[in-house]
Amino acid sequence: MLHFDSDYMEGAHPAVMQRLLETNLEQSPGYGCDTHTKNAERLILNHCGLDSGKVYFLIGGTQTNATVIDGVLARHEGVLAAETAHINVHEAGAIEASGHKVITLPQHDGKIDANDVKRFLDNFFSDETHEHMVAPGMLYISHPTETGTLYSLDELKNLHEICTKAHIPLYMDGARLSYGLAASDTDVTLKDIAQTCDLFYIGGTKTGTLFGEALVVRQPEMLPHFTSLVKQHGALLAKGRLLGVQFETLFSDGLYLRIARHAIEMAMKLKRAFIEIGYKAYIDSPTNQQFFIIPNEKINELKNIATFELWGPIREKETPVRFVTSWATKECDVDSLISQL
Amino acid sequence: MLHFDSDYMEGAHPAVMQRLLETNLEQSPGYGCDTHTKNAERLILNHCGLDSGKVYFLIGGTQTNATVIDGVLARHEGVLAAETAHINVHEAGAIEASGHKVITLPQHDGKIDANDVKRFLDNFFSDETHEHMVAPGMLYISHPTETGTLYSLDELKNLHEICTKAHIPLYMDGARLSYGLAASDTDVTLKDIAQTCDLFYIGGTKTGTLFGEALVVRQPEMLPHFTSLVKQHGALLAKGRLLGVQFETLFSDGLYLRIARHAIEMAMKLKRAFIEIGYKAYIDSPTNQQFFIIPNEKINELKNIATFELWGPIREKETPVRFVTSWATKECDVDSLISQL
Amino acid sequence: MLHFDSDYMEGAHPAVMQRLLETNLEQSPGYGCDTHTKNAERLILNHCGLDSGKVYFLIGGTQTNATVIDGVLARHEGVLAAETAHINVHEAGAIEASGHKVITLPQHDGKIDANDVKRFLDNFFSDETHEHMVAPGMLYISHPTETGTLYSLDELKNLHEICTKAHIPLYMDGARLSYGLAASDTDVTLKDIAQTCDLFYIGGTKTGTLFGEALVVRQPEMLPHFTSLVKQHGALLAKGRLLGVQFETLFSDGLYLRIARHAIEMAMKLKRAFIEIGYKAYIDSPTNQQFFIIPNEKINELKNIATFELWGPIREKETPVRFVTSWATKECDVDSLISQL
Amino acid sequence: MLHFDSDYMEGAHPAVMQRLLETNLEQSPGYGCDTHTKNAERLILNHCGLDSGKVYFLIGGTQTNATVIDGVLARHEGVLAAETAHINVHEAGAIEASGHKVITLPQHDGKIDANDVKRFLDNFFSDETHEHMVAPGMLYISHPTETGTLYSLDELKNLHEICTKAHIPLYMDGARLSYGLAASDTDVTLKDIAQTCDLFYIGGTKTGTLFGEALVVRQPEMLPHFTSLVKQHGALLAKGRLLGVQFETLFSDGLYLRIARHAIEMAMKLKRAFIEIGYKAYIDSPTNQQFFIIPNEKINELKNIATFELWGPIREKETPVRFVTSWATKECDVDSLISQL
């Protein structure tokens, strides 16, 4: 069976695994107070082009989102997000469980339009009853989005400008950030993100680590007493150096982007094949998630040889499906799949 | 100045005030363990045609919604509601503050369509990832809705049937219930509501009391240990008998519906006048909230003599406005307003 | 039957009731944006000797505590309180329900000793693992305490000094504040409280109003966006002017203290009688709650003529009991009780 | 430098690391729906002597405690625990953050006395005002306790009996369970725990895994919809099989107990040496945490060669300290330390 259901089906990239093995019996203080973690922080800030700032290492994406959002928002505030945002749809209510509303904005191919944000903020603050409403306290975007699409640098700058004027931080969920950075159709670099987003996380789980997300905050005072909050959210790893070691490896020798590029190549190969055969892209994604509309019979046929996701409920004749590649996708598997199309 | 901004501008109906005065120096145990409260419960259950069941008296609408919803939902559940629902828009995030998501459905003149509920439930339970999503734990409707519209009995029965099949309670926010029951264009009685809604509250604040909402629950086991939860939500009134006395009065001699009918008459008089003059109804409401689309110049003119609400941001030429009547609206005020149109 | 179980058995003081009646059909905007509320705020700030500051009117004590504490604390902080504090024992977990720990300190006759606070803070901040612990974010005291005792002015000043040094606000629960101010054995005035406490509330429910507590905050920036939080906690009264009218009346013509003094006189008469007969005071309270140790047989005998509370579980031979007086206690009732001792 | 500060200073036991390496490039579905996880569950239930039941794998201890407690308690309930309990002291308020009070009981060498539980429950349910109090919803114990002590089988049976009568589950925090089971002075086996505790977790982080705790629940209906709650708490690991693989290894060939026994041997060797030299045990612990009272000068001297923890603030002459051994402690390190005593 060929597997294209997700980008977290394997363990860690062999180089990461190797470093975990080499450092396994080192003795270090817990909770991220070790030298690997310090080093990983330094490497990441360098890659971001930041002289100052702080990096926190957490375990998973939902956890990171819930902890950051809880850390930034005041009690009367909620977080603005696209209706398709992961925090709105697939985090089992983690944001609300910590007391905050996800205020939804329309999505356009998974993205938020700056004009929608502006209109929302204008309406909110001009509404005489706004003290009875949940105040917008930050803006959440994902890049790539949940449907694999990417913001352009101009779009990020616009969002950033609107947020800055409204004194609300812009936060980017980078669960699949590597695949955004490695896309060929993007003008956004990690340094751009570090300049336009007040907070963002660099996903490890989906790009080469066993687990782990690196949260970057340009102005650390935005997250006061954050270690306590991480602990309170059950997100403080006892053996914190495991996160340090893994991100140290990813951010040495360009590993992070290199392995992401492989995923993109595999995704593009798949995309070309589907298109050539005549299937339509459901969403035009430049990253490692590819969406096609396929006849239901073909879906049933493909299910015999490959795993992949239906994207929404089954439709009458043809249904959107998602194929995901990753750093670990083997080219021979892609070729096998293509040969069966 | 004539006041049409809301239905809570005065104190209590004189008969209610009189009873508060007469009972003022009675001594009674606190927290609703008094005979007035017991009597009010009995009267209300009678009016509802319920042999069993329980009535809890709380202070305000937002408080009642937050406490009930928190009492019914499990931790992984959210509440289904129209996108225009009061709990979604105007309760400052009270539902989320107690940890629960408001899952929004489309609104049709403020109402929820049974088909939308059905479709949502079908999609949810057929989604393989639904354990990662907030489960629907109850359905919230308001009657009258936030825009004054009413469900028909058939609509209520349909919603109830769908909810019962899905094992989720149907809850009605009755902040303005009296005005729904007193409308001439309704086929829904209080007894119908008691049969189709698992929980609902009968609003006092907007119909004759100083404050107070009477929550009716047909199967008390739906709200286990509810008094503790009411206390935890800061909603347990020390001098609980004040609620008992007020609802005792409302539910004696048909006072509740009688004073509501007056509000409806005043609203209809206003409506006819606006329509005759040529203004369009923004929403066709049979209850005490009336919405018209009026030229902006006329709005400015009317503002000199009356208070009323703009319904949304000001538009280019003409803008929707809301006029509200209540049990306390004086006919001469309505006539004055009409004469100025 | 004579009633001494609590100080909230009657409605409002007749003068308060009279003003509610007089203003009943006035029309005013909701949620405290009316002139009575403004006036009540001004009167209270005057009585507190404050040139600036803000007064918020809420409905009940548990509600006020939960809302203020939630408003002041950061997410990683808890509130320091005596183990006997109302927030720790009798508020059904309202503080925890909004996410915050009640960190308990030893109680001495219901009071907190400044040395205990100092020791706690010293230990906390010198503990290397304190990021894993709940940080002390404010200090809660009640005055009178839950057992009727009072802080001296020196004690308040000490607590205030320690809190100020540690940058944590001092908050006083004044559910029975009037009875503290009216005691003969106190050197603490309302102005003293306004100088030593960063936030405190002046209880209405137990001293002459139907309901209502007036929260005073010297530096309003301590409670940013507090109206939204009050709404979120379900504590924003639609007909907010009812609170304004009641406190306007209490703080006109010295009514608040005058009616409290009556309760103190009644309590002292009762106390003298119990002591003369030979019963021991369980706690030496100078306020309207009186505690005696009485033989169990005598308790059973008294139960036939009066209501009062057992203070804790019944003991072998004699058990502590509580008798409470209030502004409404009739001297003839006190005399009747005494004659039966 | 010799390290005795904690039992989570190294990575994983080499056998565990080896299995992670061997399975690294396997492809498996996420979130614990893989065969390793199923197998680990089966192995653990076998070791527990349970025919039915369910095992959930979470990442860390604080996270597990917060999620289980939130899963078991109703909104009006709190968790009973010793005042020294990890959930009360060192979890940054994680329990309160999910809305629940930690109700403290006295500790006796870190343990809870069944009589204290009984007395608390009796008092609670006989208190007429208990609806205003946080209801006891479960009992939390740790075994070994935070100070290394152990319950006897009789003690566990007593606690279990009291809890069963009161219909509240007994939950054991087994962060260091292996070291309790491997102690020579214990009559408690894993099967005993599975019979006396309704829920408990078997700690991996401190005994051989990189991370991970295995939560065992005898009656799975005690944790309805628990996967959603795990997700909501940010505790659902994407690559869930990592937990499966690690626990599979620990529970094959008796690895779990074998490596724990080594820690106990090292701890006992250390203990004998301290005692022989004349230092007093601060607490008489039979497990891998050892507490001694040592002159402050000696502490300063030892700090030059070893890391260990002060247990509380420094005292005048001599201060309690904690030395911790683990599966990874090298005997030569223990010998080195002893030689320096």
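Descriptive notes on the structure:
By written order: A, B, C and D. Residues from 1 in each chain.
One rule holds in what follows: a contact is a pair of C-beta atoms (placed from the backbone, for glycine too) under 8 Å apart; a residue touches a chain by one contact, two chains touch by 3 or more.
Source: prediction; values computed, not measured.
Traced through touching neighbours, the fewest hops from chain A to chain C number 1.
Here A-B and B-C are compared, and the pair linked by more C-beta contacts is B-C. Work out the mean CA point of chain B and of chain D, and you get 50 Å between them. Between the CA-based centres of chain A and chain B the separation comes to 41 Å, rounded to the whole angstrom.
Taking each chain's centre as the mean of its C-alpha atoms, chain B lies 33 Å from chain C.
Multi-chain contact residues, meaning those touching two or more other chains, occur in chain A at positions 75-76, 91-93, 97-99, 131-132, 228-229, 231-232, 236. Residues 3, 5-6, 8-12, 14, 17, 20-21, 23-30, 59-64, 66-67, 91-94, 97-98, 205-206, 210-211, 228-229, 231-239, 242, 328 of chain B are the ones touching chain C in the complex. Residue ranges of chain A in contact with chain B, taken from their complex: 75-76, 78, 89-93, 96-102, 104, 122-123, 126-127, 129, 131-134, 313. In the complex of the two chains, the chain A residues touching chain C come out as 70-71, 74-76, 98-99, 131-132, 135, 224-225, 227-229, 231-232, 236.
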